[in-house]
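Here come two complexes built around chain A, the first alongside chain B, the second alongside chain C.
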Partner chain A sequence: MTDVALERDLAVQGRVILALAQRALRVQLRRAQFLLPSFLLPLLLLAVVASGTSAAQQLPGFPSTGSYVGFVVSGTIMQGTLLAGLMAGIAIAGDIEGGFFDRLLSAPVHRSSIVLGRVLGTAAIGVAQAVLFLAVAFAIGADFTGGAVGILLTILLAALSASAAAGLGAALALRTGSLSLMQNLFPFVFVLLFTAPAFFPRALLSPVLEKISVVNPLSYVVEGMRAALFDLPALGSVPGGFAAGIGSVVLTSSIAVWAMRSRAET
Partner chain B sequence: MSTRGVAYAGEVGFALWRRSLLELARVRGGLLPTTIAPVIFLLGSLGQFGRLDQLVGFPTTSYIAWLMPLSCLQGAGFAGGATGANLARDIEAGWFDRLLSSPAPRPLLIVGPVMAAMTRSLVPMTVILIVGLILGPGLTGGAYGLLMLYLAGVLFSVVAALWGITLALRARSQQVGPLIQNGVFIAVFLSTAYTPLPFLKGWLAVAAPYNPVTYVLQMGRQATVSGIEPSWAHTWPGLLALAGMILFFALLALRQLRRIDL
Partner chain C sequence: MQPDATSTQAELGDHAIVVKGLERIYPGGLRAVDGVDIVVDSGEIYGFLGPNGAGKSTTVRILTTLLRPTGGSATVAGFDVLHEAPQVRRAIGVALQEAALDPLMTGRELLQLQGALHGLKRAEAKLRGADLLERVDLVDAGDRLLGTYSGGMRRRLDLAMALVHRPSVLFLDEPTTGLDPVSRSALWREVKALNDEGTTVFLTTQYLEEAEQLADRVGIIDHGRIVAEGTPQELGRLVGEPGLYVKLLDETQTEKARDLLAVHGAVSERREGGLTIRTALGARAIAPIVRTLDDAQIEVDAVEVEEPTLDDVFLAVTGRPAEETGGDQT
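Showing the complex of A and B:
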């Protein structure tokens, strides 16, 4: 079979995507420098926000969801998936600087498969994060009235959010090819997080942030999670969350594939 | 130590301090991450949690006044922690081994970088202060409050630098960088970061009074929080906490330094 035929064989590319996803998972789960920001840091912020700002429930207009930790855990999932996306970008930049990426490019592998492998691996991390964070929130008092269906929908939304973040991370890494630049992007993850109603309802955000949150697709994803977890349409729209999530994945993955082609051509 | 010895120590410390600062000129944007991250946290936390100042009994009517000293401390801590990351790079590159084989007394090898951390911490603190003053109500604590805020930040950068140096000397690898910065992050947030002690709930309400950073924050908040008026009573617990942390981490760093064999 020729290289071109291999690239066009869907079964072969499916196996390539799976193998690259497994590699991405192994790399992210084995190294402390990747695990710490993706799992420990969001849990820490959850603990701090849940204990430090729970008095917010006394504010007029704050929705009643039982325990405060149940309300903010969606923001924690969002934070975790964004950081997992950044870690994916850092790992790609490491592959570029280390030379592994050049070997991938010279193999009979479709360009989009390389991106999709990383996106799929990060989606799996997003699922693991959501399960862990929801379990911790449940253990410290959250009561998810949306039941098993709500939890499942939230996990799916987390996978979409992680995939979108991985697409963005991959696009930036492929465009810049710089490990140190990717590492310095850490604070900018929080721009995406804080411009969505991650920890407070949209109506209680500052007026400027409330306006910005309208154009941040993550707003709809995090509100969709909340609506699913508590089966309360007043907190957000589950279909809206999925639409924003899928749209973000398609957009960021497309940009990453484009960045990949540009890199391959140079 | 003789006068000549003191002069020599000063010379070595000054040379290492200058070298650490020269990096800022050589590495463009070297201070950007330590400055931008706290500014983003300041603005993001203000947007998310800004309505908390409407709670009955909150010590200020401006939430940014509550957050500003937190972000200053964060920026100073990140600038201090970066010293450890830079030392790890020097160790990996072999430069630190050359310093160890020089006749300079070993403790001096960490004095220079710590002094540089103190100097570097002024940049993020000043940027955060300017942003905060543009958006906030101003300095309610006057000159004394401002002095206490800078003192708290600069001394906290010493704590973070010593923590970073200890880890760098132990790990001897740049991979320790995230652990250094996460340590600063955790220390700052396990305190009265978002709300005062009476508003904390659960485990944080128990842990925060035992975290020395809580008292350092109180010392710094004399500058901007109208409910914490500038006074010695709001200053000495912070100074004591800082002295304790500096002593503790200095001993750890020196112990680690002594363990290094050429």
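Showing the complex of A and C:
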């Protein structure tokens, strides 16, 4: 491909990704019954945590973040983005079962653009969730000592987390093509969440969960958020969070593209 | 899979679609397409006819690059479906079975999305979408969610989406299944108009009437193989002699009439009443038949010439009537 042709192809694929992201967002917003739980359930958990379990902060080894809500809001964001990723998978499975996906596949677009369109749309939802959850946490007493930069970094990590979750949802949907299976994966979100230090620091997880958390990339993302929000390197590593987030997006999106290609073989 | 360079030009010529020994065996061993050969000329409407499970949809999915063949070769618009899939996708328009449209989008949004998928810039896609809404008479419904569209409206929009990038070859997979007669006629008119503008149309259908109305040539597929191919007229000749339908005023005389008319050809009784006489004379046998009945004082209510239909062809080549077929879509 010549440089000019390559440039033109990249521009076209860019437009395709944006158009598909816009469609993903638009349809998710119109399917409020699916989207709302990914905003409301994490908020509910945040409210419960804020009102009932703040004594956890007194446990030895619990880091000092001002308020427990401030500590736990990263987990809330993680929960929301995982749910958004699951919704993305459900939407793709719906497209497959309804036949709309064939329309996408019969168009002259790169398979990766189809996945990236969905990932980008979900990243936008992740950003909206992060902004809302941080605002609510702030309203009920969280004090983010990392300032605006910390908040911005956290929002970017939320976008990466949502993207990785969307890639995973897409991979599962494309591999199975089953809407009902995707709808039954809800508990899986909590497995991912509780095998990462979403609500408690790693030091306070049970030995088994702590071992699993080492290989769960979400651990590094959620700790990166905390480190950014409170500007405390002891809580985690921001670059580590970005590395884990970007790595997860690349890995899950690649698996999704592979799953899409293998659909044509069967 | 890719045809060699020397044969390609000579073989493709004015052919929009060339299929040779196409096969598709699904995991588990189901041979859905079993050595299909088809050549469709540019500007032609090719009717691909067969019952559910005959292999129509699998063939279309291979030709539209949605499914890989397990054997044989196929080129569409001069491009190999396996090795030049992106070029094929740029050249074709596809309206698949049951109008797969997102019910949570509006007609206008879907057309613009389709435009973007085919590389149009936002402004171009917007303009093209508006033109196509007008063409398929959906301007008023353009900003309504698809969930509120009738079956006919969805099919029209589906067709419009397939036309966004002005394809040279259009695949229509059972485009009128489930439509009422008025919607069906409207879609037929649009398909004919597109063909008049030079678009090659590959049309799969279960409706024999649809193939007769639209297709220049028809291929009949059964159990994954082409069992008959030709113009509707050529296929009609496969059935044999034309028939004359004779309706009597007094049906109690049917038995007597049947015996008398045996001298003119093979006579069969119709379930709904009346007799069919197969004779090589066709319409020229009307006068002698009426005279025979008149001499026996049997009054005739009506006489009609029955041209063989694709129903008859289907029965002749598959051994079973079209309405008795069924099964999974393959």
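Note that in this section the second predicted complex is superposed on the first by the 258 of 266 C-alpha atoms of A that agree within 3 Å, B and C clash if a C-alpha of one lies under 4 Å from a C-alpha of the other, contacts with A are read in each partner's own complex, and residues count from 1 in each chain.
Just so we're on the same page, a residue touches a chain if its C-beta (ideal position, glycine included) is under 8 Å from a C-beta of that chain, and two chains touch if they have at least 3 such contacts.
What you see is a predicted model; the values in this text were computed from it and never measured.
When both complexes are superposed on chain A, chain B and chain C end up sitting side by side without clashing. In the superposed pair of complexes, A:Val208 makes contact with chain B only, with no contact to chain C.
For the combined arrangement built by superposing the two complexes, chain A sits at the apex of an angle of 90 degrees to chain B and chain C, based on C-alpha centres and given in steps of 10.
Once the two complexes are overlaid on the shared chain, A:Leu43 sits clear of chain B and of chain C alike. More residues of chain A lie in touch with B than with the remaining chain of the pair chain B and chain C.
Of the two partner chains placed by superposition, only chain B is touched by A:Phe199; chain C is not.
In the superposition on chain A, contact of A:Leu25 is made with neither chain B nor chain C.
In the superposition on chain A, contact is made by A:Pro108 with chain C only, not with chain B. After overlaying the two complexes on the shared chain, residue contacts for A:Ile246 are found with neither chain B nor chain C. In the superposed model, A:Asn184 makes contact with chain B only, not with chain C.
With the two structures overlaid on their shared chain A, chain B and chain C come no closer than 14 Å at the level of C-alpha atoms. Shared contact residues on chain A (touching chain B in one structure, chain C in the other): none found.
Listing the residues of chain A that touch chain C in their complex gives 12, 15-16, 18-20, 23, 26-27, 30-31, 95, 98-100, 102-109, 264-266. Partner chain A is touched in their complex by these residues of chain B: 32-33, 36-37, 40-41, 43-52, 54-55, 175, 178-179, 182, 185-186, 189-190, 192-195, 199-205. Within the complex formed with chain A, the chain C residues making contact are 26-27, 64-68, 86-87, 89-90, 92, 94, 96-98, 100-102, 104-105, 109, 112-114, 116-119, 121-122, 145, 161. Within the complex, the chain A residues that touch chain B are 32-33, 36-37, 40-41, 44-45, 47-56, 58-59, 140, 184, 186-188, 190-191, 193-195, 198-200, 204-206, 208-209.
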